[in-house]
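Two complexes come next, and they have one chain in common, chain A, joined by chain B in the first and chain C in the second.
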Partner chain A sequence: MAIPLKYNLRNLRVRWRLTLATMLGIALVVAVFVMVMALARGLKATYVSTGDERNLLVLRRGSTADTTSQITRNEVRRIRYLDGIARNEQGEPLASAEIVVLATIDRIDHRGTANVVVRGVGPVALALRPNVRLVEGRWFQPSLRECVVSRKIAERFANCRVGQSFRTGKTTWHVVGTFDAAKTAYESEIWVDADEARKEFNRNFYGSILLRPVSTAAGAALARRMEQDPLLQVRVLPETEYFRDQTKMAGPIQFVGTFLATIMSIGAAFSAMNTMYAAVGARTREIGTLCVLGFRRRDIYACFLIESVLLALGGGVVGCLLSLPLNGVATGTFSWTTFAEVAFEFRITGELLAKGLGFALLMGVLGGLLPARLAARKPVLDALRAV
Partner chain B sequence: MNPAIVRLEEVTKVYRHGEIDVTALDRVSLNIAAEDFVALMGPSGSGKSTLLHIIAGVDQPTSGRCFVGETNVAELNHSALAEWRNRHIGFVFQTFNLIPVLTAFENVELPLLLTRLSARERRQHVEAALELVGLADRMHHLPRQLSGGQEQRVALARALVTDPTLLIADEPTGNLDAHAATEVLTLLQTFNRTAGKTVIMVTHDPKAAAFAKRTVHLEKGELLNGNGQHR
Partner chain C sequence: MTIHGFILRNALRNKRRMLLTVLSVALSLFLFVTLQTALRELTQPATSEEAALRIVVRHKVSLGEVLPEKYQSRIERMPGVAYCMKLTWFGGIYKDERNFFPQFGVDAEKLFPIFAESSIDPLQREVFIKEKTACVVGSKTMQRFGWKVGDRITLRGTIWPVDLELVIRGVYYGGLDETNLFFHHEYLDELLGKRGLVGTFWVKVTEPDVIPGLMERIDAAFRNTNAETKTETERAFQLGFISMFGNIKLLIGSISSVIVFTLILVTASTMSMSIRERSREIAILKALGFDGRQVCGVILAESFGLAVAGGLFGCLGARLLFDQVDMYSLSRGVFIKFDVTPHIIVTGLLVAAGLGVVSCLLPAYTSIRASVVGGLKELD
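On to the complex of A and B.
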């Protein structure tokens, strides 16, 4: 049996000031790591959860986002009545020609403005998106400059509550309803009538068509047919795939988070190393005594390495606890794909916490390796003679 | 007389300080019988502690052989030496060297953690050892809650708990008052007489040496004969 763990734990408690300072340093690194990763996770999750597997999205060939895509009215007419598109109870095809424009709106605290996605949608838009539901007010009526806004937009932007009006460009829009989009990317949008949006924003084209085929096989045939039609310059992809591609914007955040945490972790590992060197220095005679009692070099090595790991894991647990209150907190960031603000929630998962603790463990091992080696290699007699 | 349990054959120890070689022990040959109680005496720098450390396997001779039982301690490597010390040596230090964050019980239990004894067996051994030194009622005290004499008695219990071949004491009364010193020396004498433990003790104090069965004098790294002359 090795040197008992209580020996390490009690020594950490005896030097509580140094232990606490080192643990706090490690805790901050872990907290930053978990928080930034939670941000990237939240952003990714927002896009991954958006989209219905049954739907297809039609964009202009070469476009990567509906904000930069153009579908002409002729193309919309040609596509809408193709065979293989499902229909609703009224016999209308489930195909929504939509347009996305950006509106600059004041933030709720009036500290600046931000671009918000205004989506012009057709009458079947809701049928294609079952996770979007009205939670307050009513649906907009075309030609009356009415709009419905997501709950998050209502919370984050000025004059976006039901009954209020906001101005963008030459138009004043009246908010008549609020919708919940089940934490999907639509949570960052304002919805209006598509033809009214084209008129008010001077567009003579649509941006995309969202449609639902009658079956998967029909969907594949439809996609082939549209992409091979010389009169259509479009690309067709599953709606879920489109939103999965948008998750790439979380990449830079993840990179910055990892980079920041790595730089900080080097400092924290040195702090752990410093603490452990101090521990070895203060307990040199104890090391000598343990050797005389029969403990081997590898026992001494393991003992000090374990102590460093315990120290770092303690910091890791504190760091995880510090980051937990952020779970579920809503925030927004600028999307370089849509050039608009996208709202999302921090997502702290068990896996992320485990990664945070793993990160702390790594700092503990790196910080403890050299001091533990020093302790294990001390000549017994020299160690016994230490004051 | 019992057969020799310790046999030193021409043991030399040379320390190198920069360019200068210092001879701490010069071809020392010595036999110590089983169940003997030997006091090693001599002025500072005479080599008595070096001799003790070599017998205990804490230091190794530059040349010569040191047998404890049938084992030539000088030939063992670092790892084997550690295991050998655990089984055969009980060491008592001048400065007690108890682990400050562990209780008296936990300190005494430390060397037993390297054995195959179960937790229950370890507990029985530790309690018996602390009972022997009269500290059964202090087993859950930390070293700082004990007097110097009590600390050294805990150290004695720790040295005895593995039932070692040799009990080695390096100035065990050096940091104690006269009363506590007498208590510790009496315990060493008792272990030697009643349990047949072989005790080797380094001391400066002739009163302490009087508790031993015989005294060996060293000077300038050499043994002196009974007339105070180099052998």
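On to the complex of A and C.
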């Protein structure tokens, strides 16, 4: 017969100071793990959610990012009217020739600057990106130096609210609207008219073309045709693939999270072990009594292991709770691919919390194994004699 | 038995507990030292006396824009300028995207006078200057790819629509960064059809005093042109890069303090455990005539000793480990160096010492307050 769980819970309560200290130690390890991993998750999620499965992205051959790609005007003319590209109600092909440039803009606290992506877009850009919608003000009108900014840019950079204006080089841009991009990578961008951007930033070329084929099969044919055309020096890839490629940025953060959690949890397992050894030492007589009452050594072993696991899981739950307020907090980092700042949010998922609890469980088991063995092997008579 | 012997015996009486405590302190301090080193490497660009003589001229809009080549001769004529060199980021791919390392097109004859802290064989330098498709490579990158002088390599352009076919003609050592590859700017320009586009100009001045005035003169000279400039000191230029990575300082700082806090919990609970077991002995000590301060001192010495022993293991262990491990290739080039400096080790040991003191405060307080009779009555 197993020793009732109540026995463990009561014991943990009696030694509440030690229990609390050990639990808090484990809680902090779990919290650090969940927080760092939430950073990586958020960054990944931003990129994964950005691409639309129906879209194809055209870049210059050899180019890895739309910030450094170049598509000539002739190429744009040649591609726009190819067969197989979907059209909108007005009969315009859903192919948006865009130009992406970087602008150095002051941060909101005016302490330092950062590179921000300025995307020059045409009228069909919105039809290709259903997750971008205006939340304040209105869309820009071409040739009036007007721009719309994402909500995150408005929050993070100086003079980017509706009605304000900022300078890049010689041009002063007036902010006329704010858009929401449903937590995609467009949340880190400023949008202006494509031809105006080309003029103001001295570009005689475009950067990329985003287009929507009528069907998947048509898309494959279209991609083949563009890549084999000797007059086009382009590379065609699904938009989702382009953004998935950028999730590798989260790799180092994930590595740091795992590294920290591993080393810290070894330390925390040591402290759990200390606590459990002390528990075994203090209850030597009780162990003897349990033996006399007829509990088997197996039960005693399980009893102490369970107590250690309970202690650790309690800590794990507290750790998860500690990390929860961070969910949704906005932050930003530098992308080596675009050379600009990308804004994203910490994202805590159920899976991440489960992993944190898994870590806690592991600490509990590691910390409890040896002390439980010691408890189970105590000679009955000696144990009873212990004062 | 002397008082020192008494403290030592006490510390060693439960060897298992002592070992576990020392190990957990050591592990945490190892992490602390690692994080502080990472923070230092990421946020403090290497500086030297030479670097204080250099300023960087870039396009005002952003680093993504290019400047016209003709600016070079205008800057060169300004008083206080010793050298002015073109430097353009190439960002090419060597075989695979993961093999990232920095590549720059430069004026070959000015490279080593400007970056005087790097050294190169004079013969190799001469060959590099004469041959248009030659390049010189930092020793760390040479090692990483197992290159030898004379090897031919191809860099696939990602930003520029051309591929570079280069011959390695020299290796440089020392300086701020041993991972770069430098090639002739002229070669890139020819491949691009002589468009005369330059990423940045690096200027070396004759003496530091002229820098503020010169920076203003350069920006003023190109104001109201199609390509206005922004001139910064080398240090400001590099710090600008670092600030874009986001708030690393805050992240690492908060993780470090969580570690220290966890440590305090762990050590404090160990200390209170071992002191509670000894309440009878402490009562005997008091009955023998030791006063509260002396008893307190005994406890403090034990806790301090445990924490500092753990600290020594952790800090010196980190130092020894990172001396052996090649962090440059392990981190895929994120960390160029990973020096655990004496400053960081001392900080770690101070944290350990503070920990020793703080974690025994509560147990010591309880034991001083406890009555002698109560303590003597206790059985265990």
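Everything that follows uses one rule, which is that the second predicted complex is superposed on the first by the 387 of 387 C-alpha atoms of A that agree within 3 Å, B and C clash if a C-alpha of one lies under 4 Å from a C-alpha of the other, contacts with A are read in each partner's own complex, and residues count from 1 in each chain.
Quick note on the criterion: a contact is a pair of C-beta atoms (placed from the backbone, for glycine too) under 8 Å apart; a residue touches a chain by one contact, two chains touch by 3 or more.
Quick caveat, the model's predicted, so the values are computed rather than measured.
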{"item": "If touched residues of chain A are counted for chain B and for chain C, the larger one", "value": "C"}
{"item": "Partner chain in contact with A:294 - chain B first, chain C second, else both or neither", "value": "first"}
{"item": "Which of chain B and chain C A:211 touches, first, second, both or neither", "value": "neither"}
{"item": "Chain B versus chain C as contact partner of A:30, first or second or both or neither", "value": "neither"}
{"item": "Chain B versus chain C as contact partner of A:194, first or second or both or neither", "value": "neither"}
{"item": "Contacts of A:384 with chain B and chain C, given as first, second, both or neither", "value": "first"}
{"item": "Touched partner set for A:14, first chain B, second chain C, both or neither", "value": "first"}
{"item": "Contact residues common to both interfaces of chain A (with chain B and with chain C)", "value": "none"}
{"item": "Chain A partner contacts - residues on chain B that touch it in the complex", "value": "53, 56, 58-59, 78-79, 82-83, 85-87, 89, 91, 93, 95, 97, 99-102, 106, 110-111, 113-114, 158"}
{"item": "Footprint of chain B on chain A - complex, ascending", "value": "1-4, 6-7, 10-11, 13-14, 285-286, 288-297, 380-381, 384"}
{"item": "List of chain C residues in touch with chain A within their complex", "value": "16-17, 20-21, 23-24, 27-28, 30-31, 59-65, 91, 93, 97, 100, 156-159, 161, 163, 224, 226-228, 230, 240-241, 243-247, 251, 255, 258-259, 261-263, 265-266, 268-270, 272-273, 331, 334, 379-380"}
{"item": "Chain A residues touching chain C - in the complex, by the definition given at the top", "value": "17-18, 21-22, 24-25, 28-29, 31-32, 36, 39, 60-65, 67-68, 70, 101-104, 112-115, 168-170, 201-202, 233, 252, 260, 263-264, 266-268, 270-271, 273-275, 277-278, 331-334, 336, 339, 341, 387"}
